[in-house]
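You will see two complexes here that share chain A, one where it goes with chain B and one where it goes with chain C.
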Partner chain A sequence: MLSQLIEKAKNGRRRAIAQLITLVENDQEAARTIVAALYSETGTAHIVGITGPPGSGKSTLVNEIAKEYRKREQLVGIVAVDPSSPFTGGALLGDRVRMRDLSGDRGIFIRSMASRGSLGGLARSTGNVVKVLDAAGFQVILIETVGAGQAEVEIANAALTTLVIEAPGMGDDIQTIKAGILEIADLLVVNKMDRPGSDRTVKALQTMLHMGTVRRDESHHGRAMTATGPNLAVSDLKSTWHVPLLETVAIEGLGVSPVVDAIQEHRNHLIKSGDWLEREKMRSRREVGQLLQDRFMSKLQLTVPLDERETIIEAVARRQLDPYSAVERLFEQAHASEEAP
Partner chain B sequence: MLSQLIEKAKNGRRRAIAQLITLVENDQEAARTIVAALYSETGTAHIVGITGPPGSGKSTLVNEIAKEYRKREQLVGIVAVDPSSPFTGGALLGDRVRMRDLSGDRGIFIRSMASRGSLGGLARSTGNVVKVLDAAGFQVILIETVGAGQAEVEIANAALTTLVIEAPGMGDDIQTIKAGILEIADLLVVNKMDRPGSDRTVKALQTMLHMGTVRRDESHHGRAMTATGPNLAVSDLKSTWHVPLLETVAIEGLGVSPVVDAIQEHRNHLIKSGDWLEREKMRSRREVGQLLQDRFMSKLQLTVPLDERETIIEAVARRQLDPYSAVERLFEQAHASEEAP
Partner chain C sequence: MDVHPIRVLVAKPGLDGHDRGAKVVARALRDAGMEVIYTGLRQTPEMIVEAALQEDVDVIGLSILSGAHLSLTPRIMELMAENDMVDVPVFLGGIIPHDDVPALKEMGITGVFGPGTNTETIISSIRESVVAKPADRES
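For the complex of A and B:
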């Protein structure tokens, strides 16, 4: 059953792809089987993370980028992730626009995802959905995330190229969010260039670029040794990528083709510089780390009975036991029951 | 040394408190010792999480709330957390205002924290800083987080009362963020009520309140059975708290006293309804879970040599090994080396 479904998905059958995605999202045991079966056929798609604050016209730009890739005869997957609602999930932006605009093109596959609890869980699901699309033959996969915070950074981890969108007139305080999210940008796009104040937004971002606030290379990921202070010459470093600043009016389709060109240039840069492998290693390290933790927690749940765990938690809540001692107790119990026959 | 420092901090000595906080933030081994020593004396402070989008006047309102509590002769700790910058940390909002406004009052202790990597790490640090302040005798601890996303939700976990601030004129798209962040609100405050459009913002939030979108009770945390659909009567449930909507002009100090009254009412509600213990249990469950994972990962790092781990990670990056099989291999190795003498 499952192996047939996997075979069909590999052949690009849409219904099978949709079914596999639902499985990797909802069933951890199935996700394990599916990922193990597909994994060797992944790694060819170019994964692009697209993020930016609400109101920046993200969904519209994602649609236009998808259409541009279609003109270039690439198969495009879109994964739209909304991490903003921790409990109910919540409606995804731009879905109606998207459906009207892109439906009917069988070269595009769209999937919306909402959070159902942990951010780690969402990042893992997103990674697995991307793998299914990758193995199914989609050549470009666009991951769109709503908002501008740590959640986006975690999800952007699945991407090889990260595009950050800004728009004029988002208010001054937005600046404070920018610093964090801009650091993950490989490409910067100012959308809504027809709006008043757009030149000011471009200039502000250019200033940040020149100050070296915005510069992504592998040094963030703890490997390459690069100078990180402001105004330092880093152009002699092989892996240095100069973040381009692009201007669009997505709603009219203006400036979209140069954005796609820049994504492709970044892809080429990653391959030539060797950063591709570095990013894949970083992604793998995080993914394996997360799965290891899941594995350990499920082992603990199997070996230490629920009521014992709850007794310990209640003692911590009542301040009768400190959390570190609680951990030692649980850790020892998991270990002890393991050694029992 | 450390035990002397802990003793001094318990007696409210400011320098000792500051040193302990630095230790729990930077030294995991010290954090363990400090938390174990202090933990039984925590649990008396009321922990208030305060969050909302940039531009809502959060820092100003936090300062005013602190001043109001000071009038009521409470000792106040403020922990300002900025999770928006994953790499550099970044400057914290409102710090200058705060310093000018509150410095000199020895009944207030202020600490700013920025992210240095993982969100989990930041949430854990925040929890530990709160414990130090709690044990040091601060009766109210305000945790201020910048932004409005999953990060805030994780950090708000340390709080017993969560206050969400909104302001007029944040743009229509902000609505989409609201849904998520509002679900964690015990109190809603519309700040900047002197701004145009404030009545509309209040009405929009009232509508959401009536639709039942905003309603916090323990059902979110998987315990109580409550109806969760719109327009359902839930008033017969003991643990139901009707989220109040309050209006302020924080910069002029208007409406702040009713906010503090509402926080105190919520505190009383938590104690009477038994939700206090439920929230403490939820907090403990998450905290112990996080520490367990840390414990397991450090054990793995001790038992599986770095080069072996890196070889496995590179095989995953090169698609020679799928992540789930990598996990099994690492898990078995950690286990095998454990059984060796």
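For the complex of A and C:
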């Protein structure tokens, strides 16, 4: 029974937690029931996103951060996302290779996820997996994204604190003033400080920070409900957080304790400034928007028969109908069938 | 439940450092559309079973080239039983003498793949084992 499984997971039973995660990942209907049952008990964990380019040391740093949190007696959940093949749907989830120190510790729960076609650096159901771990009592949840390039910024919506890792030798200082991933950082970490060129990387990032960073938090002018695209709101928010630049050699565990201190400081800042709620609102707005969009799509699929939809698509392909008019027609049809008795 | 990729844990228990075979198999399973959780070298039975539990995998694949299969396997199967995971099929690959296969099957190993096994054989055996598994996993 699903309700028994949910009870067991809430009590921290590991097999039940794992099975619930599988359900929220694979089964939309079950996800609905599970989230409805758990939601009121979520929202207490601190959710930390860790992102950066492939090979910058994300898994190794996650491993070290988790160990540091364990020293501080926090229960740690880890969700590690790796890409799915666009061709076969298969995936090689290899983040555990760097996390072997953590096994055997009952205060840690690691779950690997395949991105399953999502492009923002996370899987579609990552948010729900986090909710399961949150409700199961994990106090810190680390989300490791797919190796990110420049535009995989979805993590900033899923996490309360976003840590962006860079490593030396990834490009010149023009990279640091491009829009995208560096903008979402609440903490910047230069890893592999033992490598040549690390000082230059630090300097370039410092210069970028001195130019000022853009706040990502929601403005109060009321944004439209946006369900797709990176659309992180940029605003004139009252509170200021100065993005710290930290240096680590994660493989040797160097510089990790200051990173965890900085995460905790950011958490305190969010609570004191009221940004915590702002970020939660931003996340909720996107989540509800996405679900609404899914709901509408499935309704459309139920109410407008496939062959009718295909006819319209074909008309667009043959240039007999423009895409906007096609949407208009589909929208009207979905609406009309709703009003029919 | 919606259709979803088969999740497989590929692990190397014991102390030999030869992971080429495990990586080749992991890659082949990935290309067959499975989600492969690769854990790396020198895993203890405890580490393997705990990873399989957390990842809620459909199948476990073990690669052993050290000759320690008769001592590592019973411990793994015992831990799986303790964690109520007897329904998860376990496959073995590596250097496994033919004469040991009956004993391993006796311990609950679903299949043994020696050197030269075609990856297609491994893929189809895994698929069959998952289909054959009892469907109700929610109880």
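The definition used in the following text is that the second predicted complex is superposed on the first by the 281 of 341 C-alpha atoms of A that agree within 3 Å, B and C clash if a C-alpha of one lies under 4 Å from a C-alpha of the other, contacts with A are read in each partner's own complex, and residues count from 1 in each chain.
The definition used in the following text is that a residue touches a chain if its C-beta (ideal position, glycine included) is under 8 Å from a C-beta of that chain, and two chains touch if they have at least 3 such contacts.
Please read these numbers as outputs of a predicted model, since none were measured by experiment.
Once the two structures are superposed, chain B and chain C can be ranked by residues of chain A touched, with B on top.
Once the two complexes are overlaid on the shared chain, A:N26 sits against chain C while remaining clear of chain B. In the overlay built on the shared chain, the residue A:K272 is in contact with neither chain B nor chain C. By the document's definition of touching, neither partner reaches A:K71: not chain B, not chain C. When both complexes are overlaid on chain A, the residue A:H242 reaches neither chain B nor chain C. When both complexes are overlaid on chain A, the residue A:R14 reaches chain C alone and has no touch with chain B.
In the superposed model, A:G104 lies in contact with chain C only, and not with chain B.
The contact surfaces that chain B and chain C form on chain A in the two complexes overlap at residues 84-85, 88, 90-91, 93. If you check the complex, the residues on chain C that touch chain A are 1-2, 4-5, 26-27, 29-40, 43, 46-47, 50-51, 53-56, 83-85, 137-139. Residues 32, 35-36, 39-40, 42-43, 54-55, 83-88, 90-91, 93, 115, 119, 146-151, 153-154, 170-174, 176-177, 179-181, 183-184, 220, 277, 280-281, 283-285, 287-289, 291-293, 295-297, 300, 312-314, 316-320, 322-327, 330-331 of chain B are the ones that touch chain A when the two sit in their complex.
In the complex of the two chains, the chain A residues touching chain C come out as 1-2, 5, 14-15, 17-19, 21-23, 25-28, 30, 84-85, 88-94, 96-97, 100, 103-104, 109-112, 114, 116.
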